Every structure is written in structure tokens, then in C-alpha cells.
Amino acid sequence: MTTPLRIAIIGHAFMGRAHAHAWRTAPAFFDLPLKPEVVLAVGREGFKAQEFADTWGIPEISTDWREAIAREDIDVIDICTPGDTHAEIAIAALQAGKHVLCEKPLANTLAEATAMARAAEEAHAASGALAMCGFSYRRTPALSYARQLVEEGFLGRLWQVRAQYLQDWLADPEAPWVWRLASELAGSGALGDIGSHIIDAAQWVSGHTIEGVSALTSTFVDARPLPDGGRGEVDVDDAAVFSSRLSGGVLGAFEATRYATGRKNALRVELSGTEGAIAFDLTDSNFVELYRVADGERAGFARIDVSQPGHPYAAWWPPGHALGYEHAFSHQAVDFVRAVAAGEQPRPSFADAAQVQAVLDAVQRSAAADGALTAPTA
Amino acid sequence: MTTPLRIAIIGHAFMGRAHAHAWRTAPAFFDLPLKPEVVLAVGREGFKAQEFADTWGIPEISTDWREAIAREDIDVIDICTPGDTHAEIAIAALQAGKHVLCEKPLANTLAEATAMARAAEEAHAASGALAMCGFSYRRTPALSYARQLVEEGFLGRLWQVRAQYLQDWLADPEAPWVWRLASELAGSGALGDIGSHIIDAAQWVSGHTIEGVSALTSTFVDARPLPDGGRGEVDVDDAAVFSSRLSGGVLGAFEATRYATGRKNALRVELSGTEGAIAFDLTDSNFVELYRVADGERAGFARIDVSQPGHPYAAWWPPGHALGYEHAFSHQAVDFVRAVAAGEQPRPSFADAAQVQAVLDAVQRSAAADGALTAPTA
Amino acid sequence: MTTPLRIAIIGHAFMGRAHAHAWRTAPAFFDLPLKPEVVLAVGREGFKAQEFADTWGIPEISTDWREAIAREDIDVIDICTPGDTHAEIAIAALQAGKHVLCEKPLANTLAEATAMARAAEEAHAASGALAMCGFSYRRTPALSYARQLVEEGFLGRLWQVRAQYLQDWLADPEAPWVWRLASELAGSGALGDIGSHIIDAAQWVSGHTIEGVSALTSTFVDARPLPDGGRGEVDVDDAAVFSSRLSGGVLGAFEATRYATGRKNALRVELSGTEGAIAFDLTDSNFVELYRVADGERAGFARIDVSQPGHPYAAWWPPGHALGYEHAFSHQAVDFVRAVAAGEQPRPSFADAAQVQAVLDAVQRSAAADGALTAPTA
Amino acid sequence: MTTPLRIAIIGHAFMGRAHAHAWRTAPAFFDLPLKPEVVLAVGREGFKAQEFADTWGIPEISTDWREAIAREDIDVIDICTPGDTHAEIAIAALQAGKHVLCEKPLANTLAEATAMARAAEEAHAASGALAMCGFSYRRTPALSYARQLVEEGFLGRLWQVRAQYLQDWLADPEAPWVWRLASELAGSGALGDIGSHIIDAAQWVSGHTIEGVSALTSTFVDARPLPDGGRGEVDVDDAAVFSSRLSGGVLGAFEATRYATGRKNALRVELSGTEGAIAFDLTDSNFVELYRVADGERAGFARIDVSQPGHPYAAWWPPGHALGYEHAFSHQAVDFVRAVAAGEQPRPSFADAAQVQAVLDAVQRSAAADGALTAPTA
């Protein structure tokens, strides 16, 4: 672990914090072939960037992400800014030969996402640069384990997927306006923010691709209080409900909402197959539930503690000691570093993430067409 | 309880049994203004009807339901036969001035259901006859209590409804063919059989009406083993997933399926409002979960044992002693008898049930139109 | 099912009702070799006995249980009176050659219970009379299934048993005085009333016998409101916590209480063995949880719906349709009738129940001796 | 946060790792009045200490804890070694005027624990040194919140406490011998290792002190495989079950075991009072369950996500984002640093921890006396 992997983090809010913690924590618990070092913190407002750098022991700051890309000693550009800036930064970084880790959703529009995926492909051919999108929930051990079981054939033939991402921070109609409610900044609402997570999780865990969606969306409250006493317009979806057809004849039921009163952060995925079923709920994130048809009269959903030897990422504490939300970011860091060291494509690639964006785009088009079945387009 | 209410049960399978048990059990636990007495059991095959009558202490049998209707001493025709026979029997009974309790779904087609609702209205005007459809889950104490809470304003303004009815008896592709898989006999598949329950429950508990649906359905396995070694065609839906718009701007997410591996009988309803949320799962049927926004940092879904004093139908055993599936039928009997004695319309009326049928019909039309938003028609 | 088994029910309160319902319901759902018929209802107050008889269609009443025993046409004396009357009635009935079903606890004192067990043995030798004690929870399908699994070796070697029976109807210090709070009438408090259930369940399911107990008990509130405005003395235990040594080196942890705020009726049993574990909670009574060590990294507690084909007493409704509290009484009736028809000893026998009483007695003696390990005595 | 608080960590196994992570992570998420800096890692084997230091960015190592105490620039001695070494190190450190954070259990014997508590008191008087014992679960937000609610009177009068700590790593009789199975090294078995946690948690959350215990313990397997093919003796308890009397007439039920098959790490505490109940399970550690009697017919155990604004330690991520096992160590670091900066006694103090040790000692004496009620002695 002597060779360093030098990283610049762009952005220092919620996601910057999660990434900084992960880069520092991952090597203390996992054997890594390269030693990640965050050497530069970038933020538009210098004093905030400095505070972030001080907190995380990052030696230098900049107020311009172009500076990070220009520096020869930096290997990785880690993009933790809002979605409307992803494309420009990521494409520039890739063209400069940097490896890129970009937060989800990959972009705010399908056009941007497609351009980013193309840039990643070209950069890889040109310079060996590698790009990954941060759908961190893939690295929640329970979901990783679910994926592994599916690959091992646990489900038999898959019939159905159901996935929900339920939050409630807008159920109060007087909750304040935030940037996530403006389509210009956020692209879409619940759909892009949390719907993207269940689209990625459902497709990745199941191994099936969404081929068509039929969606209804609602904006329940169209203006919300601003700090100045006025009201800010809401022009994104508050909730999105969509049915889908996946490859192999699988039927999907999806819901993403910020109005599920009492549900703080419930990402749920359930897969129903001929030989078994798998169910996951992020509010019980250290467990996955498994149902085996072969158990006959003794069959029932078994709640598996995924901290046992043999489970993914079981490198932290003894069995039975829970992990939290942030651990998935450390696992993401681990996998990214290992992929870079091996020169292998980390997943989800930008192409993977652009496909999720294409599904989001299809959902929006279907909703605009009152539920007409709509195929994602590349 | 001295005046009898004389009942003929038509049909003696699963539902006949549930009704016979209910008519006999209800008066032992509830004070009733009339004494229900099943005086005639009707079944096409006499020896089966006789066995049924012997089991339940029913004094007479007939192999022709017309005989039941012709008898002057019979007050109530209780229809427990498959859906394709409901309309003919119910309309004849109503026209003869009998009260009618008819199992759900009201009919196999919207046309039949509409005719039945019309017949009920006309019969009531003509003879005072009363008609009710047996959506028995309404009488599960937890759902009754949920309805009561909604009426009391527990939810504030309602934003969303999510409802699932998950079964798994077809997840095995070699499970045998049964009559429920033929549209001619069953009308539709999971949709009419169990989807009708969640449509009724979601609308009734919430007090909001479905105004449009966007649906996808799947038939995963199109032929199944027959006893003779051949295969029977499946021409009904195996699973139906539909989004919906309800009155008052409420958004709905629905799923009915017989392929949810490991889920034996999970009818779930969740309502999300500005002031609270209510969640119910039939696999935990003696409880309802309540979330109160006003509880602030102490808010969480509370699991309420609905056998306490003050809860609906709490006439059985001391608090904390669980009821089962069949108790809802006894409660249905109680409410039917009381309505008849009072000359008041029992609910769900045939009109209520025809409206559910209209939603089922809209779901089928939307599915045929690849998800296009479709309004139920009267 | 043509030969009748004629029954007299002594007592018509909560338990009389449960038994009357069971005798009537059991033959409608199960094939029985004899047809149970309740022919006599006995209660000290004639008008109450008559109301009970009317409710349940019982043709005759009496105010004296001796009359029931004297009648030659009565086969079974079903004792549903308070515990202080059990011994006298049961012994007289047995000496008269009647079969006896007696509610739990078998008696209020060990001396009485022992005498009853002896009387049952003698009567069986003399007349073939059979006696059973009504620990009805044994017939909850989940617990019956647990017993079956243990017999099949599911647990491997058993290490530990933990059992709780938690209720809360006395947690309010101003809850009214009732006869269950007087030792003269009730024998003991939470211990005999509900502790007896977990002692029986833990021993029966595990197949291990309690050989010593170390107990602490508390009476938290020593007087409670009477209807007349005065206060009635409480001289029984409100809660009993006891450790125990069972045969085969098994260690047990038990708690019975009426002060477990919020727990309405939580009878819980968990068995921990080398190869598996079994957990049951009466508040989720249609399920049992199973853990199989052999499942390795896929091991977790699986929640089994015990209404599937192959599960005990699965004669009611299709899989996934829940049973309630009262069904265990019907199962008890089924097993009693079958045993009587076969001339075989139904279980729990009076000897089994007297052994439970011996454990209760040991708990009381240990508590009186401040926890000193105390062996049950025959 | 400019003034540093210089720390030496003694020990680098499981607990050393947890502490190193906490000292580094706490200041990144919490505002601290002093900046904790681990400046020295101590371990008997130099190469292991060096590896640990490299992992955590600790500048220096030593193989002798006396060196750490001798250094003037070190403020805090953080003891993460096995229990048999705690007393010597802690007392020496305190006498040298160092602040001390010592892992639990405070010591292996009551005599040592008492001496440590005395040393802490004397050192505080002499030099202002502060000493704290690391019962880290107190800082699990859910338990902290439970304590806060109890202080606010949530429970009304407390009747009962039940607490379990269930693990299963010895349920396999062929699981290998480890040092925790030798009394000389570990003091006791499940009792000191995990029983100490529930004793501390139950007393601290409830605010009631254990005044007497009646205990049974078992050693189920008395020898286990050694790496060399031989077998190592087990002379500690495998499981301890004890009833207890707490101050104010509260009754307690406790169990600590390593043989609860399928339970990986289930620390459970439940408190039952006149006005409410609180339940916690470490396997669902981001939630606490609350029952409010005043809610009447709407009362039920509500599952509270304790990551909301207003909840303890809610400084990490947005509401609904789970914390893990290790976060309690960061919270412990936060509270320790704040107490040191303020010159106030951090809790649990050595006196608090010695009282827990006295309870452990009483449990062992009661078990040796076959359950006789035994009072802890100072």
C-alpha cells in the first residue's frame, strides 16, 4: 500500500463529506493495492473548502475544479457536486486522462449522461482512464450479497421485481423550498434523486434490464416557503409510480416518493423467482431476507445478518456488529482503488449509469404521455 | 333475538363454508336483532350439498337455486358460487324480493356488475330488498379501525395510497391448472381475485375513488398441467401492476400477483397523509400500524393490537387474544343482519362493488393499451 | 361421526365459551370418530347457565355439577370453572367413570393436583376413564409444529430455553381488584395463570423437564380498588422471574408478568440447540421462526407460515389464511375426541399437569427462600 | 479545536482499532473543544504495534505502556488491552496525572475494580485527572435517547426491567478455544464480557441500581479444541441467567449467553412503567420502541428512527441514514473530550464501572450458592 493514489474531491457538502470519510477509512480496514490520498479539496467558496480541508486533513484547496484537472500529480477526480455540473467536470477530467468517480445521478439529462458515457469510453481507449458512477447502495453488504446469490442461481427464473424508495421530508406542505425542487438544478425530483437508486439496484441485483416503463408522477405541492417569506416554485415530481417490463419477461413495480409519511429512508427491493425470493429494506440494512422454495413446509423468509464470514465486505468488526450508511462509500472506495490498480473497469460504469438515466428519461416521457408504455433510448 | 332471519346458502365450497360458519358463530358473540338461521343449502351435486348440510346442521338441501328463491319462508339468498353465476342468481333473488349477500367479485364482467347494481336499486325501491357484496376484509378489525381513524381525520390530507396483494401459489410453473386460470370462468386472474380486494380496501379505507389507472399485466405461464396429463390454457393475468389517480389528487400504487414467491397471503395497504400514516398487512392481521406526525421526535410507526376495548368488533375474547381470517365473515354477518333489521343499506352495496368492477375493467383496458391512463366507466 | 360423545360443560365464563365454541366447531372442520354434543350446561346461577345454553344451543342446564356426574348418558365432564373447584369436580367425575377435560392450571395447590393425577390413574384402571388438562396453547399450530420439529431432531442438542409470558393489565396501579388477585381463589398470580402456560410449553416443546428453579417474585401493588370504593388485598405474585435447570443440562430463563406495559398477550418461547433454534411469539401466532445452523452464511431466522399443507391442524382454510386464539381449543377438542375414541391417553394428562403444578410450587418455595434453587417434588 | 489532546492507545486488537477510528472520526463530525490526536501506539509486539500505527497514522510506537505514562506530552491513556491488565495500567496512569479511558469490563475482579475506582478518585483530587470506562453502548443513539426519555419521566413509575445479551459463537461444541474461556485471563465468561453491558445499560437507562441478584450459570462445554489438536479447558460461564431486585422495588430479568443459536449480537433492554415502556434491540440499533399508555386505544410500540433532529448524536448524515456499531465509540470520544475540556467527570466513571463489577461479582457468588439472593458489595 505504498504507492499513493492521489485524489481531488470536487464539492464538500453531504457527498463530499461521505467521500472524504471513505477515502480515509477504507485503507484502515481493507488491504488495498494503492494508498488513496485526498490531496486537494475544491469548492467555489474558498473558506468553505478550507474548512472542509481542515476537517479531513486535506493539504490543499482550490476554488476551481479546472485546477484539479490541470495538475499532473492528481490521479482521480472525485465529483461530489450537484448533478447539473457533472457532465462538464467529468468530461474534462476524462479528456485529461484522469480517473473519475462521479456521484449519482450521472447527470441531470440523458443527453449529458450519454455524452459522459461516450467520453469515458474514449478516454479509456486513449489513456486508460477509468470512470465509475457512485451508486453506493450497490456496496451495502446486503445488496451485494443479494447480487451474489442471484448470480449463483438462487432465484431460479425471475418473475417479478418490486422496488420502493420511500422518504417523507416533503409530506409537510410547509416544508421549505430547496434546490432539489427546481428542475433546472436537480433534473427531476424524487425520480432522479432516489428513483435512480432503485432502478440501479433492481437492475443490478436482478441482472435484468428495464425495457419499457409506464409511469404516473405527481407534484402535490407546487410552491414552498423561501427563507425570505416568499414561495419558490416546485417543478419536479414529488412522487413517481411506475410499472415496467424488464428483459426476460420480468414485470416490475416501482415507486419513488418524498411523501411517504413516516418512512424516513426506506429503499426496498424484492425479487420473486421460481426457486426463491430475496427482499431487502434499507431501514434494516444489515440484513437481507431469503426465501427458498426447496425448504418446503419449512420455508419462510429468513433474515440473514450479512456480517458473517463469507459475506461481502465483512472486514470491519466481529459478526453481528452493524454497519451504517457510510460504509457503502468505503466499500465503493475499496472497489474503485482495486479496479484502478488492476486497470479494470469499475462498475457501475458511466455506460451503466447512462442506461439508468435513459430509464429515468423514459419514466418522465411516459408520465408526460399519461402512462403510455415507453422504452428507454440510448 | 327471537325473530329468525332465514337464509339459503348457494354454493358449498371454500366460501360456503366460511359463510355457514359465520352465520352460526356471529350470534354467539354479538347481540343481534334477528336470529340468522341457515335453512337451505343449495348445490348442483346433491350428495355434496347434503354433506355440507350435515356438517353445518342445515335442515334442507336443494340442487337448484331457483327453488331457494321460490320459497316464501326464505329471507336471504347468500351467493357463494363462482363469479360467472352471480348475476343471474342475484338478479333473480332481488326481483323476488329477497335480501342478497353476494361474494366478491360482484361479477366477472362490468356489464353484469352494472346490471346487478341496477337490479339492487330497483328491488330496494320495489320491495325493500337489500343487497351487499362480500368484501369481507373490510371487517377485519384492523382495517375497520383504519377506516374509522381516517374518518376522524387521522391522516390530515391524503397524498398517496400503496396497496399490494401478494400470493405465490403460481410461482411454480408446474403448479396445476385450476378454473381460476380461465377467463370464461374467472373473469380475470390475480386482478379480479385479489386485486379487487385491494381496490376495495384502498378506496374504502381512504375515502378516495380511483379515477384513472395505468396498468401492465403479465401472464408468465400460458399453460399448466391438467390431471389427465395434458395442459390447460391460462388466459388470465398472473400479475397486475397499476398506478392510479384517485379523487382529490391522490396518487396510488397497486400490485396484485400470484407469483410473489414466499408471500402466502399478504394484503397490504398504506396511506400517507400530512398528519399521519396508516399501514396494514394481512399477515399481521391483528395489528395496524399508525404514524402520527404530531409526535415529532417521538414519532414512529406504532403497532396497535386492535383487540382492545373501543376497537371494532372487540366482542370475542379478552384483549390480546388474536382473531383469524374467518372472523371477518362473522363481522360481515353481524353487520348484514343489523342492516336488514334496520332496513338500512349494508355496505359495500352492489353499487360500491360495481364501481370496483369498473376499476378492474379499466385496469384490463389500460393493460390492453400498454399502460395508457384509463378511466373507469359506470 | 354418528356415535355421539355427550358432554357437560361446567362453568360458562370465558373458558366455557371457548369450549362450547370448540365442541361445535371442531367437527365441522375435522373428521372425528365420535360426534361431540354438549348436552348439559352447568352453572351456579341458573339464569346465567340458561343464557349460556341458549347461546350455544345446549338443550339442558343444571345448577349443580353433581347432577352432571350422576347422569348416565353423559360421557365427558368438561371443567371450565376457577381453579379452586377443579379437584373436587374432577375427582368425583373420574370416580364416576366419566372422561374429564379440565382447564388449566390443573389445581390451585400441588396437593390437589397430585390427588387429581392419582384419581385419573385409578379411574383409568377401574373404568377406562381418560383425563386431560387444557393447556390449549400446545394446539396452536406453530407450537405443535415446533414440537414436531424437536422430535425430528431439528435442534440437535438443546442448550437453552427462554420463555416469557408478558401481559400488562395490572401495570396501571389503579386497575380494579379481581378474583385472580386473591390466593385463596386463584392459588397464585401471574405464576399460575400464565407462568403455567410457559412452563408447560417450554417442557413439552423441548422434551426436557424442569428439575430446579431459582425464583424471585414481586407483588408491586398490594391493594386495588373494589367496586364499593374500598380496596381489595392482593396477596399473589404480580410477576415471577425464574431461572431453571432442566433435564440434560439445559438452562432455562422464565418470566411471567402482568406488568409488561404494552405487551397484551406475549407468550414467547425460544429454544437454542447445536443444530438449530426455534422461536415463537403468540402475538405472531400463525408463524414460527426457525434457524438452521447448517445453512451457514445463508442462515437466519426464517418466519414460517404454519398454515401450509403438512403443518399441524391445517384443515381450516387455504394456506396463508390466519387462525386465531380460539382455534387451539378446537384442536384440543379434536385430539380429545380422537383419544377417547381410541381409548388412548390424551396429553397433557393429569400427571403431566400435576408436574407443571409441582414446578409452580417449587417456584413459590424458591421465591419464599429468596431464590434458593428448589426442586419440584412429586 | 486548535489545542490538541494527546492520546496513547494501549492495545491494538479489536478495541484498539475501534478507538483509533473513533479518535480520528469524532472531530470530523462533531465540534470539539480540544483536538484529539493519537500520538503513541503501544503493543507488546513491536511489529504489530507498528502495523497498527501505520494503519491509523500514529507517529510513534512503544512496546511498554510505562513509556506512555512517563511521557509528559501525553494527556490521555486509552486502555484497550484485556481485562487482566486494566488495573495496573490505569492506576499507574492516574497516579501520573493522566486522564484515562479504560475499556470494559473495568477489571477482572471486584478487588481490582474497587482499587481502580479509588485511584480515580484520589487522582482527581490530586491532579484533576479524569477517568472513564468504555461502556460504549451507552452512546448508541437509541439507548442515549431512551435514557433521556426516562429522565423526562416517560415511564412514570418503573415496575420491571428485562435485559438480554444473546450471542451464539459457542453454540457449536467444536468451536475453538479462545482466551475468553479462561477465567485467569477473562475473569468470567458471558457474564463479564456481555453481561456487563446489559447490567450497565439496564441500570443507566432505568436510573435504578441492582441491589440483589439470584443467578444460575452454566458451562455447557468444558473443553474446546486447541490449534495443536489438544483441548483447552473452559472454566468460565457459558451462559448466565439472573433475576434481580433493583432500587425502588423494581424487578429485573437478565440473561447473557454465547449459546443463543442464531442470535449474533442481540443486546435487548425493555423497561415497563406505569406510563410507558421502552424497548431496544441492538440488532435494530437505529431504532427504539416506545409505548405510551396515554395513547389509549391508539397505543402500540412505536419504532422510532433515532436519526432525526433532536435525537442524541444526530450530527452525521441526514435523517434516516443508519449508523453502525462503531459510531458509539466516536460518541464516547466526543463526550470524553468535552468532559476533559470542561474538567467534568465523564460517565460512566470508574466508580460506576466498579459498581457494575460488584454486580458481576454478586452474580458469580449467587451462582456458586445455587441462586441464593446476593447483594453486590462495594
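For reference, chains read A, B, C and D in written order, and residue numbers begin at 1 within each chain.
Keep in mind that, in the parts below, a residue touches a chain if its C-beta (ideal position, glycine included) is under 8 Å from a C-beta of that chain, and two chains touch if they have at least 3 such contacts.
Chain-to-protein mapping (UniProt): A, B, C, D = Gfo/Idh/MocA family oxidoreductase.
Model, not experiment: these values are computed from the prediction.
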| item | value |
| --- | --- |
| Over-half contact-pair match to A-D, picked out of the listed pairs B-C, B-D or A-B | B-C |
| Pair of chains joined by more contacts [C-beta pairs], C-D or A-C | C-D |
| Centre-of-Cα separation between chain D and chain C, whole angstrom | 41 |
| Euclidean distance of C-alpha centroids - chain B vs chain C, Å | 36 |
| Interchain centroid distance [CA atoms averaged], chain A/chain C, Å | 54 |
| Residues of chain B whose C-beta touches two or more other chains | 291, 299-301, 305, 308 |
| Partner chain A, residues of chain C touching it in the complex | 149, 287, 289-291, 295-305, 308-311 |
| Chain B partner contacts - residues on chain C that touch it in the complex | 14, 17-18, 20-21, 24-25, 27-28, 55-56, 167, 169, 264-266, 282-286, 305, 307-308, 316-327 |
| Complex contact set, residues of chain C against chain D | 157, 159-160, 162, 164, 168, 171-173, 214-216, 218, 220, 239, 241-245, 249, 251-253, 255, 257, 259-263, 270, 272-274, 276-277, 291, 293, 299-301, 366, 370-373 |
